[in-house]
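We call the chains A, B, C, D and E, going by the order they appear; numbering starts again at 1 in every chain.
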Amino acid sequence: MTALQPQIPTEEAPLPSGDNNTDTIDALEVGTTATTASKGHSRIPWRFLGGRALFYLFTLWAAVTINFFLPRMMKGDAVSAYLARNRNISPEAADGLRALLGLDTDKSLFEQYIDYWSHLLRGDLGVSLLHGLRPVAEVISQSLPWTVGLVGFATIVSFAIGTIGGAIVGWRRGSRLDALIPITTFLSTIPYFWLGLLAIAVFSVNLRWFPIGKAYGVGMSPEWTLEFIGQVLHHGFLPAVTIIIASLGGWMLGMRNMMLTVLDEDYIMVAQAKGMPNRRVLWGYAARNAVLPQVQSFALSIGFIVGGTIVMEMVFSYPGVGKLLLDATNAKDYALMQGVFLVITLSVLVANVLADVAYAFLDPRTRQTGA
Amino acid sequence: MSDALLSVNNFSVMYDVEPPVEAVRNVDFTLRRGEILGLAGESGCGKTTLAYGIQRLLKAPAVITSGSVVFHDGSGEDVEISQLDVEELRRFRWDKISMVFQGAMNALNPVATIGSQLEDVYQVHRPAMSKSERRDAVVELLEIVKVGGERRRSFPHELSGGMRQRVMIAMALALRPQLMVMDEPTTALDVLVQREILRQISELRHKFGFSVIFITHDLPLLLEISDRIAIMREGEIVEINTAERIWSDPQDDYTKKLLSSFPRLTGEKGLVSR
Amino acid sequence: MSLLEFDAVTKIYTVRGAGQIKALDDVSFTLESGQTIGLVGQSGSGKSTIAKILTQLETPSSGEVRIDGTPIPRHGSGLRSYRQQLRMVFQDPFASLNPYHSVRHHVERPLRLDRVVPKDELDDEVARLLGRVRLPYSIAERRPHELSGGQRQRVAIARALASRPKFLVADEPVSMLDVSIRLGVLNLLADLQREEGLGVLYITHDLATARHFSNEIIVLNQGRIVESGSADDVILRPQHPYTQQLRAASPDPEKFFASMSGSSSGTAGGDR
Amino acid sequence: GAPESTGSGAALTIAKPDGAITTESHNPYLGDSSASKYAYGKVIFETLALVNPTGDLGTTPWLAESVEWNDDYTELTVVPRSGVNWSDGTEFTADDIVFTFDMIKSGKLTDTGGLNITDIAVDGDAVKITFGLSKFTAQARVLHTPIVPEHIWKDIADPNTDPLTGEGLAVGTGPYVLDNWSTESVSLTANPDYWGGELAVPQLNYVSYGDNAALTTALVSGDADWAQAFIPQIEDSYLAADEKNNLLVSPTAGAGTLFMNLQEKPFNNVALRQALAWTIDRQAYVDVAREGASSVVWSKTGLGDLLDDEVLPEYKDDNYKVDIEKARQVLTDAGYTWKSEKLIDPDGEAVSFSISVPAGWSDWNTEQALLAEELKEGLGIDVKVDQPDWGGWDAARQEGTFDAIIHWLEDTGNAYGLYTSTMDPKWIVDNKAQFNFGRFDDPKVTEALNTYANTSSDEERKAALAVMEKAFVDEVPAIPLGSHPLLGEYNTRNYVGFPTEDDQYASADPTQPGIVQILTKLKPGN
Amino acid sequence: MTAPLTIVPTSTVRLRFGSAFAMFRNRKSIAGLVILGFFVLVAIFADVLAPYSPTQLDPGARFSPPTPEHWLGTTHIGEDVLSQVIHGTRGVIVVGFLAAIIATIIAIVVGVISGYLSGWRSEGLSALTNVFLVIPGLPLIIIVASMFEDPPLWVIAAVLGLIGWAWGARVLRAQTMSLRNRDFIQAARANGEPLHRIITVEMLPNLMALIAASFVGTVTAAILGLTTLSYIGVIPVTTYNWGTILNWASAQGAFRQNQWWWYLPPGLCIAAIGVALSLINFGIDEYVNPRLRSAGERARAMKKKGLNINDTVTAVRTTPTNEAR
């Protein structure tokens, strides 16, 4: 029987060292070509996060640069537009304004670019013509919390409902729940503004259930009182619900499709063979895996979502950065326009970073293989 | 007490698609306590369907169209598997019959540590166990299959193919079942790793005394490890006999053909016409 | 008589984050036409890397490959005419044919590329090639998913033969095929080789077929040749411990039952 | 005001359609400060006098007890009202007036109104301000300068930009004082020591909605009480909703006017301009585009009803009407022809042009569509409806790169406004036009315009007017469509006393300086 | 890759031609294509179909609800809503398709190249793609569109296309990267196929479904973008489309006054075309990932046979049903 005795070490051997010349190999450590075993990895996926950080820096640079060049390609001159709005400013006054805005320089484009960066790094975004020559940073800081609050909240809720719903629909494939998919898809193909206007016409004008817009009631000022919070919730309800309705379909469809793919994986079958209750298989095994691509596309779709708020703010008179941008663009208020665009891009990047970190911790594989 | 563990009678499974596929047809066999039964046959002959079908693991469109599967429990109780309802079957699974699946690569949940996947089994089937008891049990299992208890916190992708397959075996062992079904547990593995795993399986079987249904299409391998071998073809068992008899005295033409399509490592040449 | 020389080839892969992997370490061998060399070794030992270097899908880090004494060119028409003389059959017939294209496309492309036959004879040549691998011409318009695994592998072989190469690299050509089909494909390869005088590099981890199919066997471990020699010598009388290990790991019922005669215990390897 | 709290004590909510106004600035001199955008600056900072842009066009002294101009309107003498206190308790004096105008004179405050002050002197009780040019046509600009307290503003480094957001800076003499500023609304409470007497409305709220549609919705639902906005379908959507909802349309001397680019084809031919004047249906402009919130201008002199008495006798009943026959005749006489119903000019080219109005100016956008259709149907002219964004439109009108635009007029409260806006080259500086976009330039007319503005003699003024009217009738440099009224929508649920059709002591537009006058006249109603 | 083999002997020519469109050969895609085709036809024959010119006034019928003369009523100045919707189709279709063509071409070029190459060039293109993905699109479009005074349709399409290619490129890159290492591509390389042939002949056909999906997705995004931009007034009304109609309707208070004939049809048209495009994409998805099909049709087919596809326990049918024969 000796011939049958494989000469394989049964004890786990340390990893073969570099100049290992012996013929004993550790069968345990060698899988197929597709696998290499790893040991002693770090729990925090530094490499993955580092790679992402580099990418975000690059994107940030690109966004700032685009931001720098855009207004310089636009027609029309901010000061003359301003003068036209405030009729009959004297020519001297106009020159003064130009000086204030730094538009009178005859510096080279490159010098302007450097200046732009140095201002930016000092947090100086210039002053807004459209808002009484107030610093852009101040103008934006008034609006940003509302946008981030409402849109962030609605997006997360929509993501959560869509993902959970999609998981259930996918799990119970072929059941009546499937009808939810075409319904939510239909809702998400409706233009958002149309939905919003209809919602106002029905719920605010006819039924008077909700105020017709704005973030809180007339004569209130932001403070941490129950009344104020109640106002904010009451006012935010319709915009939030319409955002949720309009964006639910995508999340639901994505999750459901991913579930259908995951449900055919072996580990689901294993879990069921293990005698796991359905609920545990659904959430612990299937949904847990299916959600990963969702998280990734969540990160990527944030830019898209933020864009959508412009319309929301118009329809609901909501005090956000979207309308600010639209007005700034129309009025050629470049400093404000650049500021808003920068802030929007920044928030998208921040959201992406968060989603990335979440992804990295949800998917142990990123901790090793990188993006 | 009879020494039969599982009696399969006139068992048929059909995939109710267009046109319907009768994947397993009128299969009869008895599995003895403690034996390794090899199941061989070419791809698509119904091995997997049979192995899954007896514990009703197949999903629609599969339907069991006839026959009975009786599990003779160690306690002396006979369980007719087709009579169990969903909840009973859920509790029955893994406790009495466990499985090692084809392709360990995908059989583990990629986002959960192997420790937690092992603990799952105890949590569901042994709710009385405390957290630390569970952890100790998991460590013990991992030690038994020589993966090492400290690997408890590893994720599947951090293990080699061989180690993953061992984790699967550990999982199958968790509740000390009386029957372990192994569906091509080594096909994706390297020859050396494969041999090591097989060695371990038979070691464990001696230690714990469970029966094994071992599926593969690698007949030479099966001949070495099985007590008895069933040869399947187009959904039917065409021959079932001890490994030695199958090797030395195959009865069915198909068995003969199968045997002749494997070149012998040490036998005379000539199979491949050079 | 042609000669393919693999001379002191080392291949180092640089993997991001994991440093360098020496996939091949000073590997040399010679393949003559009409000859078959079996290349065995466990997973990751570097077998496929040799195939890739031979087909110039990868370039060696050091060392060189020569055909009839001349080093193979890295690009241009020289490379093309080299490739015309050496073709490869992949492991997985399900993956090596483009699912979008018909059988005809697969067989015809090399004919056109290398201008093997005049245009108006293309059809005849396709028919001839399919005939060589025992496939009916009627199959020409089918696409891969309409073929069985064995048929696909035959198409892949026909494609490899189309340019009338002198050497064939077969990288585990049957490991993805069903047991009953394997032998057929191997026999086909053997026939072709006999008829056309091909030099074949047969890559496998299955010692049994390697022994039956090859004249010589090279055993590879961690990128190094640990043993080589005539097929029977290497398999039946392995010298190197690694070869012995491999050998012991391969199931061999013949020997198993021979050694067991009299004993009734039919259990597996590690069972003492 | 919340609809449920009726009667006295309810707040009055004044609304604007300008989108969120999220930056706090109470500076009344800044066009883009929140005080100016909401117009709540007007109830904090008062002016010397209120010039009524409608009705009798009269001047009501306000912070001044009396207002007096010299003959050629280069000197203004005002007597400050006595017994007036700033809202922080300090007494209001002549020094504050001097200080205010001195900021402009010294250039510390940008002279956005082009006041061109040469001297300020205190003369006993009175303050005398001297100007470099006649202010006959710019009385309102002078008198509507917000007066600010010296004791606070002397410490303000840059009055052009300072937001006045510090504690105790937003101090005026006005009827209301700032109470609460938030991004969503601004609240002001009644000034208890207001010189003008007790105020019925204890609190004013200023709100800004996303656009006209949202504002209208707010007015209809009662969320907002008072606004100036062009509301489409106002009859059905607002007035019919509650009998207490009111609309007051106050015609002004200005008019929505079609400016044509006189320098280029096709409008360099007077015949075409005349033909247009005979074709365009001003009634449709008033009825359809403005939904009645305007009054037609048919007079060939281009003067509306309000300025009827300035129309010289020879043009008294010389009116346009829609007369396609006539228009075609004019064109035929000038050598125009038609080919398959398309108008061909004497050079043999098909006539076509575009009319630009910024997108979103819904009344004039509608008028564009109407004009295009009328001219196509009536004269066979292909008119392109162009709705650029504001910036593009602004550049085109200044640089003269448009074909035709609809625009408002400089409102001087008399005939001068129309004629200077359409024929005065003074508006073109650095080749950029602030008015007279068609770039009309006739020395005779220019001289008449200057005479009218600067003379102290009524006779000369009348003679100059004759020159202007004749030129306008003959040359048709622009086509006024309908008077450009001040609008005011308000409800009388809680308060009455707003100006009405019969009593137009001010316009009902809450963004006009006259709002202080209205606020003092409001009384609780039921 | 070991899906059950289906051997379908098909006649030769039809197969090769048909296979390019295989992804559209399912009920959902066909339904979507029919709806889309309807709108395309409307766009082409707008002049013939529309009863009036979109700007023709009917002073006698302002704000008129549907009547025999005006099937979908009239606007505030008596324009025929039906005619406006019909003419508006043109802008939507032209911009949607043009933008998608531009975006798809960029996506193919960038995605396939960055997927096929490796090293810094690939990484660079990938970073570029990601930048375009992350930068918020609508604000950028607003800024870019405002650079043009009266942007013609193709400019709007180009802007929408330039901003909308990144998704497609990303998906194509990932797929190309996986294709690149597939054996059949390696085989083509080993055969000495030139690079351009590898990309165009061996790779692109295998990317067709993804390209189609990304094309359809971009059409949807472009149409929504166009109508939204028109609605908020960034795109001038001279380029007539459904968004423009809604802009007028909203500005003129149609929503408030519930003049449904004015605001409902354009909104529903946008939704209809959106649904059509989603249907096509469902079809393509199911073609690419056959598992998705199992959800609907197969589950229902199972249900008819008394099986529940979600059961974790094999059904037992001890009296064999033979009606399947």
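FYI, a contact is a pair of C-beta atoms (placed from the backbone, for glycine too) under 8 Å apart; a residue touches a chain by one contact, two chains touch by 3 or more.
According to UniProt, the chain labels map to these proteins: A, E = ABC transporter permease; B, C = ABC transporter ATP-binding protein.
Here the structure is a predicted model, which is why all the values come from computation and not from measurement.
Chain pairs A-B and D-E differ in how many C-beta pairs are in contact, and the one with more is A-B. Distance between Cα centroids is largest for the pairing of chain C with D. The mean-CA centres of chain B and chain C are about 33 angstrom from one another, to the nearest whole unit.
Centre-to-centre spacing of chain A (ABC transporter permease) and chain D amounts to 45 Å, using the average Cα coordinate of each chain.
Distance from the chain B centre to the chain D centre is 90 Å, each centre being the mean of its Cα atoms. Residues of chain A (ABC transporter permease) in contact with two or more other chains: 4, 6, 8, 25, 30-32, 36, 74-75, 197, 200, 205, 272, 314, 329-330. Looking at chain C, residues 42-44, 245, 248-249, 255-256, 269-270 sit in touch with two or more other chains. In chain D, the residues that touch at least two other chains are 211, 213, 217, 220, 389, 391-392, 395. Of all residues in chain B, those touching chain C in their complex are 36, 42-43, 190-192, 194-195, 198-203, 206, 217-221, 223-227, 242-244, 247-248, 257-258, 261-267, 269-274. In the complex of the two chains, the chain D residues touching chain E (ABC transporter permease) come out as 211-213, 216-217, 220, 231-233, 236-237, 284, 288-289, 359-360, 362, 365-366, 369-370, 372-373, 384-389, 391-392, 395-396. By the touch rule above, chain E (ABC transporter permease) contacts chain B in their complex via residues 298, 302, 305, 307-309, 311-318, 320-321, 324.
Those residues of chain E (ABC transporter permease) that touch chain C in the shared complex are 1-3, 5-9, 12, 15-16, 19, 182-184, 186-193, 202, 205-206. Contact residues on chain C toward chain E (ABC transporter permease) in their complex (touch as defined above): 55-57, 79-80, 83-84, 87-88, 90-92, 94-102, 109-110, 113-114, 141-143, 145-148, 156, 159, 163.
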